[in-house]
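Shared between the two complexes below is subunit A, which pairs with subunit B and subunit C, respectively.
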Partner chain A sequence: MASAAIFPLEARGVSVSLGGHAALCDVDLAIDARRRVVVLGANGAGKSVLLRTLHGLIQPSAGSILWAGSTERPRAQAMVFQRPVMLRRSALANVRYALAVNGISGAELECRAREVLARVGLAKLADRQALVLSGGEQQRLALARAWALEPAVLFLDEPTASLDPAAAAEVERVILEIHEAGAAIVMTTHNLGQAKRIADQIVFLHAGRVREQTSAADFFAKTSSPEKSRFLEAELP
Partner chain B sequence: MKHSVVFCVLVAVLLATFDAAAQAAKPSIVVASTTSTEQSGLFAQLLPAFTRASGIEVRVVAVGTGQALDLARRGDADVVLVHDLAAEEKFVADGFGVKRYPVMYNDFVLVGPKADPPGARGLGIIPALAKIEAAKAPFVSRGDKSGTHAAERRLWTEAGFAAPKGDWYRETGSGMGPTLNVASGMNAYTLSDRGTWLSFRNRGELVVLVEGDERLINPYGVMLVNPAKHPHVKAAAGQAFIDWLISPQGQAAIGAYTIDGEPLFVPNYRGE
Partner chain C sequence: MGGWPQGLWGIVALSLEVSLAATFLACAIGLPLAGLIAVGDFSGRRTLIVVLNSLLGVPSVVVGLCVYLLLSRAGPLGPLGILFSASAIVIAQTLLCLPLVTALAREFLEESWGVLREQLTSLGVSRARAVPTLLWDTRFALLTVVLAGFGRAVSEVGAVMIVGGNIDGVTRVMTTAIALETSKGDLPLALWLGAILLSIVLALNAGAYGIREWSRRRNG
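== the complex of A and B ==
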């Protein structure tokens, strides 16, 4: 697993404008190595845009993304989306392809591919076509592709949103194992129970602005703003 | 140590690219494209507008041009949007693509140290490369078989150096951003697409030395993967995406995308 030398990951005064719409406004936050950060907020709050901007898929209109104080974007990061693209080949070949694209070959490629498939519980399905796997299995395969590259930080954009509870629980298990192996986790979810299970830190977004960045325990124990109260009341029973 | 640095540099290409831009709505298409379009932020601007107009989600697999065409040949994508004219024309001629549509272009710039010891500044790209080679000034190449790498090799060949060799010529085997970082660290010359250069912050002493040469134009083409080769291709939805890209609305959206007030891509569809 990559070292902590790329942390903290910071957003400093980051604003993002998409199609004339201000998706993020003057965002400041910091993420340390091996954190489990969950980004919460209502639809349209800017959660996915924030993840994509941190990952480098979207350039800030203003401000900077800094990795250990540098604007140099490290490669030891990966992102998994709600509906990952499955290539028309076996589960094992999907992982092999990801490794090959990233310059890994030979015995190391084969060893890593099979090892991560086993870790995500797909060893027996290694030769099955990825496109016939269930939604949960496809998501675990996407996590395996990411894990194979040993990222220091893994971004997850609503990774269980379209899964049934059992499949979601399996995906959560894999996410926590990837964290145990040394990666920081930064994810979005609408599931507050999942946020409590996974997060040690919460970033709460409202209308493109960070309203709170605090420990998960404090976030769920304290009321700090009307927006947060409305968000939690709408989500919690 | 060098290996581990290169490995770290390479490691993140995957999911920046591999799973990018997938959301929940249906129907959806898969577009194989280049890291330059994804990482320049263009797709973040274009795709939501297309989805609003059509109801079709676009899921992007962003790799190098050669890899994108390989994915499309295997039927792993419905549409391919890349920048290597010769390879695109072969892709269509071989029956893997239905038709190539010109959609936009950007340009390359030669960047290098402000001091510019060989005196490349302001020259055409071919004499500028000849000066760099004659001085054995450090030059960093992507060396990754990308569209940018292919363009660089064509320019070197045109300058009379089909295979530059020596300590002064380094290949990173990685994307534009990491290559610019190496060039910045070495105070070396490199060929960059303008979009990545504009969004690149760690410039150090590097400045643009050569631009505007017509040889530096970098055209992008979009093609539907041939359903006759791969019957599962979502031909109607894929063609709808192409039709939108070359429509006045799509072309305007491409032209409207700027970084620091400077357009990154110039729309260039001129009709049949």
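== the complex of A and C ==
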């Protein structure tokens, strides 16, 4: 797993405008190594935009993303999307591809690819075409592909949103294993139970602004704003 | 239609030879070019797409005339001495296929880029590196493009007549032979050639359809 030298990951005064709409406004936050951060907020609050901006897929219109004080985007990061995007090749070849484009080759590539597939429980499906795997299997493959890169931080955009409970539980297990292996987790979800299980820190977004960044225990114990109360009341079962 | 007319297979072989060569060249240039346009983010991209699409409608005789002027003795490529040769036909057919292959492939590749863009960028794949990935990922869909290119090449008459001259045993291909034999009233040869041309196109399309179906069942 990559070193913690790229932390803290910081957003300083980050604003993002998409199609004339302010998706993020003056966001400040800091994420340390090995944290499990869950970003919560209603639809349209800017959760996915925040993850993409931190990951470098979206450029801020103002402010900056800093990795240990530097604006240079490190390679030691990966992202898994709500809908897994697979290449038209086998499960193993999907992982091999990610490793190859990141400069890993030969025996190490083969070894790492097979190892991560085994860790996510897909060893037997290594030669199966990725696009014919079930939704849960594809998401685990996406996690394996990300894990193979040994990221110091893994971004997850609602990774279990379209999965049944059993598949979601399996994905959660893999996410926690990746964290155990040394990666910080930054994840969005609408599932508050999942947030409680995974998070040690919560970032609560409302209308593109960070309303709260606190420990998970404090977040669920204290009421600090009407927006948060409404969000929790509407979302809690 | 009677028996095999004399010289039939020579004409068929030359037709396939020049059309396959032109299709290969058009794909070798057009597919990567389509990929670069699909993933590209450069000024003038939209204009380039409009020009490319407009080239689909250029009459083949105009392309033939341009190639003729290029290759004629007084033209810039005149010293090559390839006017009225199979090479001249390949050049004309390549120029006719190129816009078709590039424009159709760009559509497929742009759609695929829309799906894969975030994931590939996330993995650290550059736009240039994404092109071969997209080409491989859409390989079965691109078969249709290759076939369309071959269809355009093998069915071409006007440009081939201008730059090839329809010389018996040298540049006479199926389409120019059909035109000639029909005008001479030798309908059996024209009919044989027409039937063979149709069979080739039909067989290729059936093959491509089979491969696409196999791919759909295998890859989802």
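In this text, the second predicted complex is superposed on the first by the 237 of 237 C-alpha atoms of A that agree within 3 Å, B and C clash if a C-alpha of one lies under 4 Å from a C-alpha of the other, contacts with A are read in each partner's own complex, and residues count from 1 in each chain.
Rule of thumb we're sticking to: a residue touches a chain if its C-beta (ideal position, glycine included) is under 8 Å from a C-beta of that chain, and two chains touch if they have at least 3 such contacts.
Just so it is clear, the model here is predicted, and its values are computed rather than measured.
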**OP:** After lining both complexes up on subunit A, report clash or fit for subunit B versus subunit C.
**Re:** clash
Original post:
Which holds for A:Arg36: it touches subunit B only (first), subunit C only (second), both, or neither?
Top reply: neither
Original post:
Is A:Leu57 in contact with subunit B, with subunit C, with both, or with neither (first, second, both, neither)?
Top reply: both
**OP:** Could you let me know whether more residues of subunit A are touched by subunit B or by subunit C?
**Re:** B
Original post:
Given the touch rule stated above, what does A:Arg88 touch, subunit B (first), subunit C (second), both, or neither?
Top reply: both
Original post:
Where does A:Val132 make contact in the superposed view: on subunit B (first), on subunit C (second), on both, or on neither?
Top reply: second
Original post:
In the superposed arrangement, which partner chain does A:Pro74 touch: subunit B (first), subunit C (second), both, or neither?
Top reply: first
**OP:** Please indicate which partner A:Arg209 is in contact with in the superposed arrangement: first for subunit B, second for subunit C, both, or neither.
**Re:** neither
**OP:** Kindly classify A:Ser162 by the partners it touches after superposition: subunit B alone (first), subunit C alone (second), both, or neither?
**Re:** first
**OP:** Answer with first, second, both or neither: which of subunit B and subunit C does A:Ala98 touch in the superposed model?
**Re:** both
Original post:
Looking at 127-135, 163-171, 181-189 or 199-207, which bit of subunit C clashes with subunit B?
Top reply: 127-135
Original post:
Between subunit B and subunit C, which residues of subunit A are contacted by each of them?
Top reply: 52, 55, 57, 75, 78-79, 81, 85, 87-89, 98, 101-102, 145, 149
Original post:
Touching subunit A in the complex: which residues of subunit B?
Top reply: 6-24, 28, 30, 38-41, 44-45, 48-49, 59, 61, 63, 67, 71, 74-76, 173-174, 177-178, 181, 199, 201-202, 232, 259
Original post:
Tell me, which parts of subunit A touch subunit C in their complex?
Top reply: 52, 55, 57, 75, 78-79, 81, 85, 87-89, 97-98, 101-102, 129, 131-132, 145, 149
Original post:
Touching subunit B in the complex: which residues of subunit A?
Top reply: 2, 18-19, 52, 55-59, 64, 70-85, 87-89, 98, 101-104, 142, 145-146, 149-151, 155, 161-162
Original post:
Which subunit C residues qualify as touching subunit A in the complex?
Top reply: 115-116, 118-119, 121-125, 129, 133, 136-139, 218-220
